[in-house]
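Okay, so here's the structure we're looking at.
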Amino acid sequence: MTLSFRRRAVNALMLTLTGVCTTLVAGILLVILGYLAWNGATSLNLNFFTKLPAPVGEAGGGMANAILGSGKVLLVAMLLGVPIGFLGGVYLAEFGAGMFSGVVRYVTDLLNGVPSIVIGIFAYALVVQPMKRHSTFAGGVALGIMMIPIALRTTEEFLRAVPVSLREGAMALGASKSRTIFTIVIPAAKSGILSGLMLNLARVAGETAPLLFTAFGNTFWSPGWLNETATLPQMIYNYAISAYADQNRQAWAAGFVLLVLVLGVNAAARFAIGRTPARGRS
Amino acid sequence: MTNELKAMTPKLTREPEGQDHVRGREPDGDTPVGKSTVKLQTADLNFYYGAFQALHNITLSVHERQITALIGPSGCGKSTFLRALNRISETIRHTRIDGRITLDGSDILKMDVTALRRRVGMVFQRPNPFPKSIFENVAYGVRVNGLPQGSSLKEVVEKSLHRAALWEEVKDKLHDSALALSGGQQQRLCIARALAVDPEVLLLDEPCSALDPIATAKIEDLLFNLKSQCTIVIVTHNMQQAARVAQETGFFLMGKLIEFDRTEVMFRKPTQKQTEDYITGRFG
Amino acid sequence: MATTPAALPDTRAKFIQRVRTGDPIAHTITGMAAASILAITGLLLYHLWAGSGLPRETFGWSFVTGSAWDPVAEKFGALPFIFGTVVTSIVALLVAVPVGLGAAIFLAELAPRRASDALTFMIELLAAVPSVIYGLLGIFLLVPFLQTSVVPALTATLGFLPIFQGQFLGVSIFSASMVLAIMIVPFIVSVSREVLLAVPQDQREAALALGSTRWESTWKVVVPYALRGILGSVFLALARALGETMAVTMVIGNKPQLSSSLLAPGYSIAAVIANEFAEASSQMHQQVLVELGLVLFALTVLINGAARLMIYSYKGAEK
């Protein structure tokens, strides 16, 4: 029985359309990269990495303070968020059972879904209000809280993937449970956990909203950890909406640098894990 | 009936395949049952996975410095029994042991479990080397339990690899990854790892089921040499293997110990019909 | 080798032995880390609630229905922001779901495995692009593109519809919706592709054996089988869109107004918080913004919960 022309036409049309959709979506990545490279790379110069922002209207400034500020904020975030997420993940994978674990998982998922601007409000109430100042530390707290759910999920997932036979092998030699976990299971999972950490850092490195009223911003260097500081994404935002062409130009340059860093770490980490994790972000 | 049995029974004396790099071969002189001491003993052992009873009133004595084999069809409980002997069964939730298991007369259920496991080692069905170097694999148990007086770590590792008939093959690549070894080599590495802590009893759960015949022969040879220093209990679904290596054999069926006797008796003149049926291949 | 005593009769000695192995310590420390997550989330909820006490008492439910926004006169109505948030997200979904699902079908059913994996890798990288960069491209690339090419075509063909009337100045609800669509499409592609791949092969074979075309078997058998999971991906994307801040605030126009036209500027909850929180003119103003944060939080929790129900029930059925 031959297929009717209509059915064959619909088949060909719809299948072609799906290919078009795919090209469109994949093409977006190329457009983004291309445009940023074109506008950003050409604006990159040594000043960008070494100079402070110039006064409004003047050319020749840079974003050295923002680059350093981002680094400091990320450091605080990592020191706060990773231990909690990692140890929590160890608990869920190795010790947990029953209702408490279920509740922890649910609440962690909940926390993961909180919009980053709301986390910013939380960090403001928690740190900025009592201290009565904006600070690098407050920004780090905000980003650190955002790092916890992903660190926990990644740790739990990779620990669970370690085969039971390895654990039994160690325990059969007289190793206690905690010894087995720390000398056998965690080392076996370490490349996955580290890659997950890289992905996590790359994700929060690009966050702007939670920093707007915690780290706030600054046109100068920010000494120590308790002063307001510029960060790269926040500078991109401020300069992108500015009326001055020179600042717009710098926004492109900063955007290019940020994108290369974020996508570079992402691609490398995902390659290392060996698969494309789907639901890692929401 | 007996002729049929005779025809099916494989040779019972151990004939080594080729020469191994182990220090000489022991003569095949086993101490007869009545005169050897009991090392490990169970009395009315019952085992439960949740509500399901996997073992029913198992009473069995494992004699010192011999190889005891446990045979039976799939799901008969022999692995469950073995895993209770070093309490590794406790890693699974909702398991329960009811009855007595004694090691040298002391109740193992009252012992500290990590101390028990140093004395009673285990080798698993599929080789499970740690993703570390060969040296570190063997050294692991020693690091956990402490070095014996007067030896260095290197010495202990080397001695264990000798006892497991693996030294010659790996002596030049001790710091290479264990995962690069072949299946048979990995299993001998796991045996070396277990031996490094100098256990009094070694439990092996179908250690050759994932290996080819040549690797199997090597392991059977090394077990044979090992038995004079160490009490060995081996679970196997391969009856010929039991007949080859073990002095005593226990036949399990549906969670019960049907018969336990010297291996020749089990294979030539079993007292229970079920044993005979299994051995002659009427089921299994 | 020295042997430890075979039996430990003393329970105290047993306890010391257990502690020396480190198990209870490890259990406690990791358990405390897990518990701290509960504490942090609880604290978050507390601050959202306590930090919005003033407006909740003053305005009550009329906050959600009011549409005036005058911080100086202390008149606050959340409706324009809720409107903007919901409308931009829904329009974004209307564009992203067909395109995303189409791409997912192609990647799961048609493309050879290696090409599919490579393309999916690229598309999933899109999910990692920071919001502010989408905003940057939105301002300088997307909005001019809409202005010159897309909107004139739209108004020419569909201009009779109220949603496409009025002047288009670039920044608008429509522009924000388009940026959001681009941002959420990778999630739809990624999750839908996975659920489609999980559909058992015999389903497809059964349909084809009955004489269906490739498209018919996909659209009438495979996609319905995976529908719950696909819906889950839609909800996930929606939750993401609702909370998006930077890209939206850079192209939406930041005008607290209600308009029947998509081409008019508007505002979203996240955008107004981002713009006004740092320099809130009074305590009431700041607390109003916190209350908006609470509203946004409630919205995203609801949608995420629905998403999870869909995806997990799909996985349960599939097992």
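Note that the chains are named A, B and C in the order they appear, and that numbering of residues resets to 1 at the start of each chain.
Operating definition for what follows: a residue touches a chain if its C-beta (ideal position, glycine included) is under 8 Å from a C-beta of that chain, and two chains touch if they have at least 3 such contacts.
Owing to the predicted nature of the structure, the values given are computational and were not obtained by experimental measurement.
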Report task. Please indicate which chain is farthest from chain B, where distance is taken between mean Cα coordinates of the chains. Result -> C
Query raised in the report: Most central chain by CA mean?
Result: A
Report task. Consider the two chain pairs A-B and A-C; indicate the one with the greater count of contacting C-beta pairs. Result -> A-C
Query - Length of the line joining the C-alpha centres of chain B and chain C, rounded to whole Å - result: 56
Report summary line: Expressed in whole Å, how far the mean CA point of chain A lies from that of chain C is 15
Query raised in the report: How many angstrom lie between the CA centroids of chain A and chain B, rounded to a whole number?
Result: 51
Report task. Two or more other chains in contact with one residue: find those residues in chain C. Result -> 21
Requested in this report: For chain B, jot down the residues that touch at least 2 other chains.
Outcome: 114-115, 145, 197
Query - chain A: positions in contact with at least two other chains - result: 176, 179
Report task. Could you please specify the touching residues of chain C with respect to chain A in the complex? Result -> 21-23, 25-27, 29-38, 40-41, 43-44, 47-48, 51, 98-103, 105-107, 110-111, 117, 119-133, 135-137, 139-141, 182, 185-187, 189-191, 193-194, 211, 213-216, 219, 236, 239-240, 242-246, 250, 270, 273-274, 277-278, 289-290, 293, 296-297, 300-301, 304, 307-308, 311
Query raised in the report: Along chain A, where are the residues that touch chain C in the complex?
Result: 1, 3, 7-8, 10-11, 14-15, 17-22, 24-26, 28-29, 31-32, 35-36, 39, 83-84, 86-88, 90-92, 94-96, 100-101, 103-104, 107-111, 113-122, 124-126, 145, 148-149, 152, 176-179, 181-182, 199, 202-203, 205-209, 212-213, 216, 233, 236-237, 240-241, 248, 251-252, 255, 258-259, 262-263, 266-267, 270, 276, 278-279, 281-282
Requested in this report: Mind listing the chain A positions that touch chain B in their complex?
Outcome: 97, 163-176, 179, 183-184, 187-188
Requested in this report: Write out the stretch or stretches of chain B touching chain A in their complex.
Outcome: 86, 88, 91, 93, 114-118, 121-122, 124, 126, 128-132, 140-141, 144-145, 190, 193-194, 197
